[in-house]
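You will see subunit A twice below: alongside subunit B first, and alongside subunit C after that.
Let's turn to the complex of A and B:
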């Protein structure tokens, strides 16, 4: 009986110490947001698309201001000069060969960018996870050699892209190392894995991410930020239709 | 002149073989011309019918916001009171109405995924406006045995290796904007004439879509049917009239007839019809050359006879008139036969059609956006019959006149010695 009592006290003390040391889910998300959310971004990127054994590589230069304004220009030979301008919920595409600009809104923002598994939304937006999801800590484990917090995220609003996410957040650097993205029905849609994390200024930022579509066999996209500048001044005039066709 | 007509008739009947050969040439030339016109008109009708049967209906009512952004098939703009529009449409002459909600989706068999143009449909009324239910070639149109049932275009199902009874994952965005994906059982495949439907069409019931897309009663389009009109022009006029009536009653909505929706195709059709006239002219010229050649042969074979007539005292002018009358009689007989032959060919094309599969291995003739599968039907073109007949008679007159004038100018001795 005495041994049982001692065990219970020890367990309670250990749990209390863990609870004090362990950040809450909201704290973890806030730290992730602090690392991954930006007011502006300018980068040169490389996208490797693998589908049914075939690999295609696309390179681009991009600049984005907040969540509403983004501009991408592809630089790989096949798509050289193709540009995208996102203003709010509207997307404009410029095709240099035809010297034509096409406006598309709605669903296309959610389609895979240039045939990849990365949607325009995912490529261009900088949403705060804390604003969109409620989170609970499901535990702590090792993931590919790193200690991670396992978080389960549930969308606060029905408009969130993914109804549920399981995140593995680096417990020391507070960067998402993997995310399982689920449909409203509960079906697993995509898995993202962070392949490389870089220290930019004072923040850790994922610079190489692999996204695989779970509804397609052998389909994955690796998105790499070759060079990146965060929170640098960006001229808002760059996000205009007149700039798109220049 | 009466005597000349009698002699001409007698000559036409006397030279039965020559008359028959000339008549047959005329008959084929004019018959093919009439059939060709009917076939071109039929192709236009089929293309528009296919649009009406599978996508545009006779008229479509949407909200203006939906119309402006319909390329993105948004689930943001619905009809507030579709029942009121349905009631007005039926009062304005529509034979049936049905509701649809379009959305972009992706279909996956876990190996491959293809984009689809999907629709939430009302299984009970969709068949009264669209031909999808009638185009089911395997399975059953929404039997209601499972909560999630899907009907697919035949080519789309084949591309994903799906058969009736297989389960497939349909993914799309819900109305609020969340990703959703769920399993649906393939209950039927449709062999639709519209290539867009065949290769990218996916249809689910409103009952399933309500849960899957969180539609909350959203209807993005109301489709209206009209009784089948006798001709394409009449069908377009009636659709326009229905759309105009609804526009007057619901100015806040966008009502578009098939003529409005198929504006690009109809503009192309007008361009095509100009090209068709060139083709028809070529057909007529070929027929005309045949007619001229046959009548010339007939005249030159009878030069000696002309010499005899002139030797008996017939004037050159009478000889010329005699041969002209003979040519016109033969031309009229041939043209009449051609018109009847053309009528018969057109009747066959209108009633039975020509199976396209006879000419194309996969049973479909892809002419860009013009869907032509199954059988190609013709359409009556009464004007072409009149034009064909008059053309035959006029060409015969000209064809006979030229050698007749030469024959009339021949010296009697030259004509008698002509070999």
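Let's turn to the complex of A and C:
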């Protein structure tokens, strides 16, 4: 889920040695993880929330430095000027009308971010998949016209947001095309689908992803990267509480 | 007054002439706003129950925000015009008539009130909510003009918030803006400092404060310390605030006023909030040690110098588009409480509808109540 918050750039290295022997799950995850890493990113995003047949659109500008530092400012009329600052595992929210900074902690972490299907807990995940999960390859199949590796991930620690995940990773581009996210009880909690992948520079990036919360009726959130710049110079001083209220 | 007017004019000119060159550079220019309409039916006890106990009031408001940003500088202005009809307009006109210096238009609560003579029950209520220029000075930042300076943690009560007066007249507590100069900067990633001056025509009468704040990573505690001077009242100020999380979020504030005559007055607030499923709850207690100056007026009723207040709220996320909330503000000394029940509906993209029932209850029962519907559209 960190792809939603920090990057939306869960990309895979292109043109890998697919024709060779089938890679292990660790190798596949390593390629996915390795391609998620970047020194910095700036993007303009569009989040479409569909709930019980009604649609709400939120727009934002964001900048991130690595996986640990991110700054988002919402630009749609209802939320204009609302900002988020992520520093490691901590998250703050700023409301401009009240000049009010609120730390998102405790019970608030379970809430959906701006009403979306992405919880603050998910947004704060910054460890790579291989750090959080043990993985096995369950097979290879076609998924919406693409060859994919099917991976089953089991959480190494009970503190992981999801106990188990089923991933479908594009076998040529190493982009995660879908993920099924399960609770410890085995209940399916969420499904994410990559709707559009774009070649940016030498990397394939998912630029449009849909997430549906299976515990909410008729609910889905689509996140789209309208514009994206990678590895641009970013002043680290932007990621401070003082700057949040600027 | 003359000094204030000159100061305001200089500030306005600085912002106006600052904003347009900024907009003409590479920076951006933004225009946004909110339109709202509220209709309310009210009951106010006045002897025997009859038709005169009931009234209607309406407010049509337009808030416009302008922002210009350039390299290292920003300017912003927010202006709200409210057309008041019905009993609220009559009440304002009655207030003006009591003034020893009746004038038209006249000032009320930081706003300019313009009676519309063609409509005896209509007034135009004009408020300048924000008018400020921000300059980046290296790591520091200067903000000059009308702005909200938030130094508090409390939702309803915030004694450490020495610049932003709390407005509890609406459904949600709000902070009033102050005309101030504010210089602030970072202390590492997780802290900062502020120097704020809100001078008056006679500078000695102004309010001045310095504050340092930080989030202590190791302890998971947000905290701030303030020292200052309230020249108008002749008080030295010392304040502290904190917030930490243990599943529930706990917060507190304390303010000590030490007057030139040697009197000390301490006020404090303690509160917490937590959630259970779709329910979010919050409660705050306020101990007022500042007499009438620190008292909280309930539903617009002028406050006595009560010492003990309570605020509690319970919100229920009924679905993806509706929230039901019940809250109560209580003056424990006077035995007064102001309950409110509201339903907020996300009506459509950028539009919200709020239905609210509010009242004021004392030992003699319900003394006033109002049922209101508000539609708000952002653009």
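By definition in this document, the second predicted complex is superposed on the first by the 211 of 246 C-alpha atoms of A that agree within 3 Å, B and C clash if a C-alpha of one lies under 4 Å from a C-alpha of the other, contacts with A are read in each partner's own complex, and residues count from 1 in each chain.
Simple rule for what comes next: a contact is a pair of C-beta atoms (placed from the backbone, for glycine too) under 8 Å apart; a residue touches a chain by one contact, two chains touch by 3 or more.
The structure displayed is predicted, hence computed values, not measured ones.
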So, on subunit A, is it clash or fit between subunit B and subunit C? clash
Answer with first, second, both or neither: which of subunit B and subunit C does A:216 touch in the superposed model? both
May I ask you to decide whether A:161 touches subunit B, subunit C, both, or neither, giving the answer as first, second, both or neither? first
Identify the partner contact of A:187: answer first if only subunit B is touched, second if only subunit C is, both if each is, neither if none is. first
A:87 contacts which: subunit B (first), subunit C (second), both, neither? second
Of the partners subunit B and subunit C, which touch A:52 in the superposed model: first, second, both, neither? both
Single subunit C stretch clashing with subunit B - from 4-12, 238-246, 256-264 or 346-354: 238-246
Overlap of the subunit B and subunit C interfaces on subunit A comprises residues 52, 105-108, 110-111, 216, 219
Residue ranges of subunit C in contact with subunit A within the complex: 32, 134, 139, 141, 147-150, 164, 174-175, 184-192, 215, 217, 220, 222, 243, 245-249, 274-275, 280, 319-321, 346, 348-350, 352, 378-379
Across the complex, what residues on subunit A touch subunit B? 52, 104-108, 110-111, 155, 157-163, 181, 183-185, 187, 189, 213, 215-217, 219
Subunit A-touching residues of subunit B, taken from the complex the two chains share: 69, 71-74, 76, 103-104, 106, 108, 110-113, 169, 171, 173-174, 176-182, 212, 214
Under the touch definition given earlier, write down the residues of subunit A that touch subunit C in their complex. 51-52, 54-57, 76-78, 80, 87, 90, 97-100, 103, 105-108, 110-111, 115, 216, 219, 237, 239-243, 246
